[in-house]
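In what comes next, chain A is part of two complexes: it sits with chain B in the first one and with chain C in the second one.
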Partner chain A sequence: MKRRDFNTLLLSGLAVGATGLPNPWNDGMAYAQTEGGGLTALLTPEPPMLVLPLNQQQPTIVAGSKIYEGLLNFDFDLNPLPQLAASWEVSDDGLTYTFHLQRNVKWHDGEPFTAEDVVFSCQVMLMELHPRARGNFERCESITALDEHTVQFVLREPFAPFLKAFEAGSAPISPKHIYEGTDYANNPANDHPIGTGPFMFSEWVRGSHIHLVANPDYYIEGQPGLTEIYFRIVPDAASRSVAMESGEAQMSCWNDVEMFDVERLASLPHLTKTSQGYEFFSPLLWYEPNLRKEPFNDLRFRKAMMHLLDKSFIVERIMFGQAKAAVGPLCSTTPFFEPELPVYDTDVDQAKALLDEMGLTPDANGTRVSINFLVVPAGEMWTRLAEYFRQAMAAAGIEVTLVSTDMAGWGQAVSNWDFDMTNNLLYQNADPALGVARSYISTNIRQGVLFTNTEGYENPEVDRLFAEAAVAIDPAERQRLYSEVQQILVAELPVLWMAEQQYPTLYDSRLTDVIVTGTGVNGNFATARYA
Partner chain B sequence: MSAVKSLVSKLTGIAFAILVIATINFVLVHSAPGDPALVIAGQSGATDAEFIEQIRRDYGLDQPWFVQYTSYLTKVVTLDLGYSVRQRADVSDLILERLGPTLLLTLSAFGLSLIGGVFFGALAGLRQGTWKDLAISLAALILYATPVFWFGLMLVLVFSINLEWFPAFGYANIRAASFTPWQYALDVARHLVLPAVTLAAIYMAVYTRLMRASLIEVSHEDHVKTARAKGLTEGRILRGHMLRNAAGPVITFAGLQAGALIGGAVVVETVFSWPGLGRLTFDSVTARDYPVLLGLFLVMSILVIAINLLTDLIHRLVDPRIGAR
Partner chain C sequence: MPQFLKTFLRRPAGAVGLTLLALVTAMAIFAPLIYPASPWEMSGIPFSQPGENGMLMGADTLGRDIAAGVVHGARISIVIGIASTLTALLIGVTLGCVAGYAGGALDSAIVRFTEIFQTIPNFVLAILLVAILTPSIATIILAIGLVSWPPLARLTRAQVRSVSTREFVQAARCQGQSTLSVVVRHVLPNAISPIIVLGAMTVAAAILIEAALSFMGLGDPNYMSWGYMIGAGRTVIRQAWWMSVFPGLAILTTVIAINLVGEALNDALNPRISRA
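And now, the complex of A and B:
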């Protein structure tokens, strides 16, 4: 029995029998709960810093997005909503974007927020620090402040998903008066981040918690609805479940709770579960072959692997229902998703026939070919995905050896193409041009850089379709191009798409209006309050 | 004169040991695959070549290895532990911040296991063959065979979830800033109970068994038989003639275990969210935060050496013959 299985057993079984013994310390659980409208949320792992422009790791964004804001936010269908920009216009040629900023916005140190801060952030600071923002803003011919409350971005050529670049995690707006002309990384203000958001930094006890307090001068009347937020750092997954169960923490998100434990916690009366709020990211999970190597360079082998894998098994047994079977390179929550695509049924005989056709016949032990699988060192689910892969491949005589490493070793091996097979999971970032094309276009085969076309897929037609779709302004035209590219990719299987991960957010049932946008827990929580 | 000489030779030995340890640390840390840039990229979900170059520059990884090595050694000699690019803080500050909780945890566990082990071991040894001996020996064996994280989780289940006596994790209440010093101390003490007991358990089991065996051996020695023949009470024989002799091996072993205690703290600190050096080490290894890691190794090796010196000292106190040689 695995440690995690064992924990579930313990936590589900033994915890039920709470005794009626009096508590000699007379406080027990209640002491941890926040009185008067505060929220204690889990945060895993501890972020290295909270300065969003400098660091975009997941926990940094979860905590930092309450302090920093972007110009726009996005609803569950990924339509733009106002944040620091109250309204905006896009010219008909798709080249000029004009944003009218909110009035009466102040930085947390009391200085007024103006168009100059936006220009400085997008043109100077983020260009130097933020890889994703750099990719978007380097398309700009100019970024200018028309007046104190108006900013204009002019593009060199149209870029259809440009509005998506203004989400808080993608382009956090930073104070010019603090950072201009300084060494950003060593600016003393980094210890006390200053943003425009509904919550202000108060204290960070490393290894324990981060404390944010409500911003009394927030520019929307009546917000934020919470008085404070504590982010608690609890490194052990079993302890995190205990914290949610006991009410010591009132919110978990992303990977905080192990998949197998989600439904048990969700069924508790004091907790509510939602899988909304991850639409902007739409993570897609796949098995990734290294197409530079035999036998993966043969389409028949990739098809055989696809026939051996059972997506519903992965969704139900490995991801415990916190996912949806994938049909192709786009998530169903991403714009331009094409539902009508070829399907590879789970069929061992078909797989064997394909392998026979390749000349990979079984030897005396029944083994046709031996391959290595690099296990993603990111938790229980990934280990099981690898173990399942080994088992599924064995059905047709493909012998799989699992190779273990840690996160740094995995990054090194995958980015330098030193692997046979592995798993990977990429965010789609709200548009195929931002989060999908990067995995398949040949210009993005870049050694040493993670989350590029690491499998090494090359198809000029695919390159062309992605390139045209990125600059097309008409949504119908984009849909046509993306539908075509999805057809080609599913036919050629550069990677084996398995599941759209649907992360669960668990929160105290008394909370309302917490997950209100497509960025979910990466939103600013201004509307969250206790009913 | 010879005392000074022995002190000098001891200190030279220590200095040499630290230098060798520092070198081994450097080699080990840098021969692991992957580097901080890849970890940060992996956790951010996006990256580009420029970003990776920038991080490698920040860490000095673009320099040849001997430049990195000599600059590291110079820093070690001048007691400068460097700067963590990842955490944006001086390594010495990071370590000092975590040193307190770790010392509190490991020293509590060390004391608890030693006192408990000697007590139960003596009890079992004196009552050899009785049900008490059997019960203690069995309990010690079970504790010894129990994985630390499991034992910790069981304690959480019973004492935090069911009985609600102690908090399940953490070092202090998150609202501790508003506490009086007395309330704060009490709060930390409550948080300390479960992790300290968890960490102490396995060592207590070891010391119990060691003490029992050692006491039984001593009880057959001539001087104890003589004492008994003189008609001394069992209590006086135990205190005057057996305990000190029997404690020798336990102390030796406890000294050796000091290093392992710090290692064991990694697991316990993780299970109980205890903000100590063990967790800092684990986080730094996975993040390839080289400066922090090297600083930690250095501090830990110094700690182990210090504990060994302390063990020597305790030995001399318990057994005066050692100093007289």
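And now, the complex of A and C:
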């Protein structure tokens, strides 16, 4: 470092000290937003890269979605909105999707964006790199550029949620002129990602921050409203809270702030909290029994467990109110949610009666049956969920032994069906066909693969309903099929649904139009600005 | 009263240490009588302050009684402290005796082996062992025992080496007693005093290691322990200090008590210290 730089650094550090602003990182740098309207946001943990087509981990998407865009965006009710596609048509048979692209779009290196880039991304690059995109675009018979600004996707058979495949994180559009014919993972451009988004990559200091600057040639007049974005990587949760509290950072999302700290920060006058902007993902938390084993294969036992668990305790005490009690296999924010479903009241006597009926009577110690519980090794909340489960079951004489393991061990045990009970949490990805069916259809019982039908539930009727609903075009018909499947599932309890997790986004109250879509902080922030 | 006990109790350290230790032990023994309900019972009102809602030390985030946890936690701390020290003594004293008495190549080999263990940081190795063996009370005892024996082995070796050159040991050998008999009957009894003192200190260290493991979430999830309570309460320490402070005080008291007892033992067992 040159001496002058060092002095500047020292001075800025002194300035921070002098204004009395605590700097939680103690690195002597001032990160508060500049006069013109920059944003410092937290990012946890540090992503491995920013190239969205190559990596779809949570932090990669949060930062990468400002650089890369998809054809579509989605509002809070998950209706499609334009992004790189200005308009689109779907044929009546539900087989042909035609997208008319935005004009005057340039890649960050100045090259024009055309329909060829879309074809290359969806047909070649993402098919190789992006598992979720592959699952969607495999359904295409052809993907063709009709002219420079028109792309047509033709499906082999109808797939109702197909439009959802075009969200930025699900199908980020990448530059053909950079990636075609290269080794994607080792392309030198990966160190300096090139997209079409409202923000351009500027600098990444590993372990410290990622710096993005506004794209002056962005195709929407007057956007972006922010001049730059700093993503700060702060590994310690307490320091992240302090950064939000002091104003050093102006935004936190997902798990940046620990649940118990959210309400305290939200009550500060300079911060605003919203739980909107996670509708596209809608995470659902449940207790998962292994239906291949005794006594979980008996519906009466699963009902008894459901009667012993108190969802409001989990929501209020374990998730500190950052959740909503779940009623069934669909989140209330996922399309085709059915609100009229049977309810299992918390009732110890009813649970005991069910256990008696099964012949599981208490022994001399009051124990009816002993089961193991595999604790999810992902942090405090999961440990508390396991401890709560043990206490809740003890009320009816079900003895639960907690089993600890590490993350790899958990994945190994669950995907190979070597467990009694555990917890699980899955995203619903904006449509039951994309994020719900996978947990219950028997064709998705795949040993060794996580987030499949790991509980081992099999019901031909459920298989049929999910299959029909995925290809049905008429929304009313889909609603009917999904309502029916929700009724069956709630009656049969393949897993015990507990809570819809509601991640909080906290941001500086002066910011406006930040969380404007159902993908929230995974959106491109083009409209965000200081009031 | 034997001379040893008199000296021990006359030291303020001994008297205070023994009283505190007796208190903690009583807590461990009578835990099921004082708090018959499970310390995991989520029956109280979460975040109750100390003294509120009939809970002496308040409640944690899920409404569990902190006082019940502290009392029940004494059991696990003491059991793990003693059991892992016995494990360490078994390994350490055996290896130390063999090395010290046999000498030569075997001695060198054992000393080098001990040094290998001494170069690895205790706690890191304990974490590694528990993580590999999956956390349970048995694996925690084993892991703490396996990282605590090297100092005991070195001390035993030094003691045995010096004692085994004495005339009474040579006399025993001349009488034709077997090596085992010489070591167990003549060498060890005369070498044991400092080992007992170090053993007491090892108990304290073992309790600290167990607390640290539980704090990191590597404790046995089926037993309430002090380290676990601090680990679970640490996240909300700004809102609820009592969740971490009371179990912390319990660890502090126990470890200090054991160290005081160890110190007094050292004085009482050391023939060079005046007994006036």
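What we mean here is this: the second predicted complex is superposed on the first by the 496 of 531 C-alpha atoms of A that agree within 3 Å, B and C clash if a C-alpha of one lies under 4 Å from a C-alpha of the other, contacts with A are read in each partner's own complex, and residues count from 1 in each chain.
Just so it is clear, a contact is a pair of C-beta atoms (placed from the backbone, for glycine too) under 8 Å apart; a residue touches a chain by one contact, two chains touch by 3 or more.
On a predicted model such as this, the values are computed, not experimentally measured, just so you know.
Colleague: In the superposed arrangement, does A:242 touch chain B (first), chain C (second), both or neither?
Modeller: First partner only, chain B.
Colleague: In the overlaid three-chain picture, which partner chain does A:203 touch, first (chain B) or second (chain C), both, or neither?
Modeller: first
Colleague: Look at the residues of chain A and decide whether chain B or chain C touches more of them.
Modeller: B
Colleague: Just to be sure I read the superposition right, which of the two partners does A:112 touch: chain B = first, chain C = second, or both, or neither?
Modeller: So A:112 meets neither chain B nor chain C here.
Colleague: With the two structures laid over each other on chain A, which partner does A:475 touch: chain B (first), chain C (second), both, or neither?
Modeller: Once the two structures are laid over each other on A, A:475 reaches no partner at all.
Colleague: In the superposed arrangement, which partner chain does A:342 touch: chain B (first), chain C (second), both, or neither?
Modeller: After superposing on A, A:342 lies clear of both chain B and chain C.
Colleague: Determine, under the contact definition given at the top, whether A:366 touches first (chain B), second (chain C), both, or neither.
Modeller: neither
Colleague: In the overlay, answer first, second, both or neither for which of chain B and chain C A:58 touches.
Modeller: First partner only, chain B.
Colleague: So, does A:49 touch the first partner chain B, the second partner chain C, both, or neither?
Modeller: The first partner, chain B, only.
Colleague: When the two structures are overlaid on chain A, which partner does A:405 contact: first (chain B), second (chain C), both, or neither?
Modeller: So A:405 meets both chain B and chain C here.
Colleague: After overlaying the two complexes on chain A, where does the chain B footprint on chain A coincide with the chain C footprint?
Modeller: 405-406, 409
Colleague: Show which residues of chain A lie in contact with chain B when the two form their complex.
Modeller: 3, 6-7, 10-11, 14-15, 17-19, 21, 23-25, 28-29, 31-32, 40, 45-46, 48-49, 55-58, 131-132, 134-135, 185-186, 190-191, 203, 205-209, 211, 230, 232-236, 238-239, 242-243, 245-246, 248, 405-413, 415, 426-427, 446, 448-451
Colleague: Contact residues on chain C for chain A in the complex?
Modeller: Answer in residue numbers: 38, 40-42, 46, 61-63, 131, 134-136, 217-218, 220-222, 232, 235-236, 239.
Colleague: Residue numbers of chain A touching chain C in their complex, please.
Modeller: Checking each residue of chain A against chain C gives 237, 258, 260, 264, 313, 317-318, 375, 377, 380, 383-384, 386-388, 390-391, 394, 401-406, 409.
Colleague: Spell out the part of chain B that touches chain A in their complex, as residue ranges.
Modeller: Touching chain A: residues 32-36, 38-52, 58, 85-88, 94, 97-98, 101, 149-150, 153-154, 156-157, 160-174, 177, 190, 270-276, 279-280, 282-283, 285-288 of chain B.
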